[in-house]
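Each of the next two complexes has chain A plus one more chain, namely chain B in the first and chain C in the second.
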Partner chain A sequence: MASRSSALVRPPAFRGIGRSILLTLPMALWSLLIFTPSFRQAGRNQHIGAAAVILFMTALFFLMMRTGETYRWRRIFFVALGFLFPVGFIAALVAERGTMSIPISRMVSGDTPFCFMVTPSIILPAAFARTVIFPGSILPTASNPHSIAIMIGLWFALTLVMGKAWCSYACFFGGIEEGFAAIAKRRRLHRFVTRFGPQLRLIPWAILIFVVLLSAAIFEPVYCMWLCPFKAVTEFPAVRNVETAIQMGVFVALFVGLVVVLPYLTKKRTQCGFFCPFGAFQSLFNKINLFEIRFNREKCVDCGLCQTSCPTVALSKDSVREGKTLLNCMKCGACVDACKKNAAVWHLKGTPVAAKPERARLLFLYGTWALATMFGGSVLANGVHTLIGFLPLK
Partner chain B sequence: MRTRILSILAYTGAALTLVVAICVPFVLMGAFSNAVAHAGLHIDAAYSGGTVARTIDRGRYTIVVYQPVEPRLLERIEPFVQIVFEPADALPSHVSDEFDLDGDGRPDVRVSFNLPADPNAPLHGDVTALNNNFVSLSNVGGESFSRMVVRAGNKIVVRVPLHEGPARR
Partner chain C sequence: MAALSFSASAGEALVLGLATGPVCLATCGPVVVPWIMVQPQGVRGHSRQLLLFLAARLAGYLVFACAAWLVGSAIPHSWTGRSWLMGGIQILLAAALVVYAAGWPHRRCAVAKTTANLVQIGEAPVTKRSGALALGFLTGINLCPPFLVAGVRAAQLAHLSAALLFFFCFFAGTAVWFIPFLSLGFLKRTPAVVAVARMVAVLLAFWYGFSGVSILIERTFHG
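This part shows the complex of A and B:
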């Protein structure tokens, strides 16, 4: 089947340079607007970081316009985001407190930066007891600018525009495993993933329900305290007894297994697809988001390339036959770029399928890339100026 | 006709999404953050220490005594009372003080600790229970959310566990 599809010629999706520049211009202006305040700050490294991000984000958007491809260029941004986030974050932690661990004293003083991954866990206690089960502060303080109100406000605003695309344009954690998934040339364990994909896809939902209910029952952010693989590369409760030592072991094991080894072996985002409860929660916003990927059944030859290319197993044979993705599609564009028959298309809900796929893609990308530049771009700039700080420059 | 109306609605929605995206950094992010900030939420007492019961003025520094924090049904913390000394840099090098935590006019615990000159140096202290309602702690640092003598910024936070069972009022 694969050899049959590879024999098909994909029509060129290239745009002329002039038209591509024209389409990129609004995004270039947006980047300048967003990063202008960085140039008012003192510090050469900050200026270099901001300038590099403006050029980087604009260049990637230009390439998206020029080539008509989304996934390849988005992935470059996303992997950079995944690897530069810990650089900036860990460097800030070490500079401030000399360690990545959070001592209990910082938890009781509300100095833990809020992480969006905790959001599903805090909903029930917040709704029924008006209590936030997180050791942060509601309002920003001098010692904790990443307060709960700020971070939830940011997440909700981005989610309103991106929906589940948050997972492929904003979540720096996803960028780390996408990076490891990109390293290997050959896909291993493919049969396992294909065979057990339908069952594995349900695990994030099961973990989501478990985490939300248990967090509400014991008034602790269970995912954060026990299950988050990314504690291994951000911050974690200081080891002070057997329980916290076990927690640390779980974080490291999950990180190595789900974020490094399995993505490398399968070329899939295994943590995102088969574990992340926040990703499952975010999938619900696909219901209200206007943009989606659809399959033009008149063109589809059921070659399966789209399913093979999907990094989170968000496609099944049945869903493709129905012309749809599954609920956990994060709109990364891998299937659209992989489809040699142009059967996988960007789609605006309410319009006829495949009527104006490029228009739908542009409308989606303008909003999403604008916010990726704002949110991810700031993270990138922070990582870049941190890296420059390590260089022996005067 | 229906297809046309749906398409018009869809493109209107897409245009609105773009407008929302543009508004995010300038208006919406702040608006949503304000909404969360004014939702009447508070941090769980296991982290924040709960509600202030009274404040004791010691001239150069203040001692804030909190109300006892009781665990919820399945919460894994011990019940405790929090006492905060602030500002830490105004405290003498040795602190030893007795506190009435339940408001009956008699002291319930004696808290004592030596304050290192280096604010980053580890802090340990002792809590002596003066009746059966409280638990004594010896050379305690940041052991758990219910048992601690720690420096948190420019404050010293002390948490004294309450005895569970019939001895407690």
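This part shows the complex of A and C:
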């Protein structure tokens, strides 16, 4: 146990304070720029929320620069995002309609906020029937600013920069299970994950094909209607009959099983790694993304620490021997931070492997963290000011 | 005059098939895609399997054409047995998918490995035709919306031969839309692809089974 924890600890001062501050400065300025409009709003709580997020995001980036570690600090942001998103979202729903369930009238009028998870399911019906199978509006309206066009545009812009790193820097659901995975002191079902990992990581691809084909066949967003675990903590169709009761039962069972219990037992992101069809879809964009994790075979001793540390089983013995990750790598940095021999490195495609890994990491983090601040930061600020609203303050 | 109305109705069926083809594609896609994904790599083999599937689908169409013409337009509109038929077909489709999904990996994994390298090790692959035929026939008699439209029109025709011709031309129109499925022949066959196809088939079987049972329960308790 002692040897494992010492393997995960890097030198305390990877970079000096002065250089770390200098490298953090652009990100601090970017955060200020992003949240300046929040300070023009009248509410005190909004001001506090925005200030807290600026400090939070800047401090985490500074720690990434100072310690040379990515995963630990990213995880703090990501877990906060995962838990604060439902806080802000549910509070807004309850304030507006008094319940988390979606009334039929809202669906008919196209006021359902668009969720990026539906994106793969709407492609075929849109291509063949010129119909968007989601009860939302294409362009933003006064009652629904999270329209389909806005959300898809935002997702696409972020995906071009991040690739599959979307799943560990932008997705506002994955942080919940990462939080539960972080709670447990030791992993239990380790043998099960090692034994069945290669089969389990194929399931998201099967679910992706299933929801895409079936959504086109029955003209319904199948994932939203039947398979989304996060419906349990966001909004869901009102339970009116046996069918909607079954739907609700599926949502709750998937949430409890894949987002709470299994992450706690395995210390893995089981929903992301073994279920999420959007994650599989997002993996395809790793092909065109500039950044990746590679393994320097001259330094690698095949100790397997990288595979054990990977939260989504995106490494196999064969892939490490080839010096690569699998397609579903979400660039969280866990393997890089875990590697004692510095064999796992950040890499910019088109450059020699391990030539300047820290430069590749910096380039990746500047782009990704800037977008995470913009996208996730606003979600965090919303959650913080909602929480402050619950406090008995005058 | 009769020949003219015959050709007009054939043309109408062809256009109807072409126009509603995307819906047929979407309806049959969930069954065709996993089936094709487990076939050995190569467009020629896929064409053969797809032709078998389409032939069985045509047989299903013609059976339905006979039934529609004999019983009249009541079948698509208000025939009380329609729910039973739909529920039954979906449960049969679910069973067929489970049976073939269970059989795929044992027969195909070795094939998938070898065909990628153009090397044949061990016994030659056994091509199962029954899967394409069973799935094709069951999707052929599945009552999808364009199919019901064609059924109404066929039931109005004067002769059984005209109804059969109508459905044949309708089939020809829809079959054109199946050509893109051949592109799956270029997908490299690995054990992972076969495993994913098997999982998709099982998930679809769950769906069709659930849907079929729901229809039957609904019909039993709510009339």
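We take it that the second predicted complex is superposed on the first by the 381 of 394 C-alpha atoms of A that agree within 3 Å, B and C clash if a C-alpha of one lies under 4 Å from a C-alpha of the other, contacts with A are read in each partner's own complex, and residues count from 1 in each chain.
The working rule: a residue touches a chain if its C-beta (ideal position, glycine included) is under 8 Å from a C-beta of that chain, and two chains touch if they have at least 3 such contacts.
Owing to the predicted nature of the structure, the values given are computational and were not obtained by experimental measurement.
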| item | value |
| --- | --- |
| First (chain B), second (chain C), both or neither touched by A:Trp205 | second |
| Which superposed partner A:Val252 touches (first chain B, second chain C, both, neither) | neither |
| Touching partner for A:Phe128 - first (chain B), second (chain C), both, neither | second |
| Touching partner for A:Ile388 - first (chain B), second (chain C), both, neither | neither |
| Touched partner set for A:Gly367, first chain B, second chain C, both or neither | first |
| Contacts of A:Ala217 with chain B and chain C, given as first, second, both or neither | both |
| Residue contacts on chain A - larger count, chain B or chain C | B |
| Footprint overlap on chain A, where chain B in one structure and chain C in the other make contact | 125, 217, 219 |
| Residue numbers on chain B that touch chain A, as the complex places them | 3, 6-7, 9-11, 13-15, 17-18, 20-22, 24-25, 28-37, 39-49, 72-76, 120, 142-145, 148, 150-153, 155, 157, 159 |
| Chain A - residues contacting chain C, complex | 124-125, 128-129, 199, 202-203, 205-207, 209-210, 213-214, 216-217, 219, 243 |
| Touching residues (chain side chain A, partner chain B) in the complex | 34, 98, 103-111, 125-126, 130-139, 143, 148-150, 152-154, 156-158, 160-161, 217-220, 238, 240-241, 290-291, 348-352, 360, 363, 366-368, 370-371, 374 |
| Complex contacts: residues of chain C adjacent to chain A | 22-23, 25-27, 29-30, 33-34, 192, 195-196, 199-200, 203-204, 207, 214 |
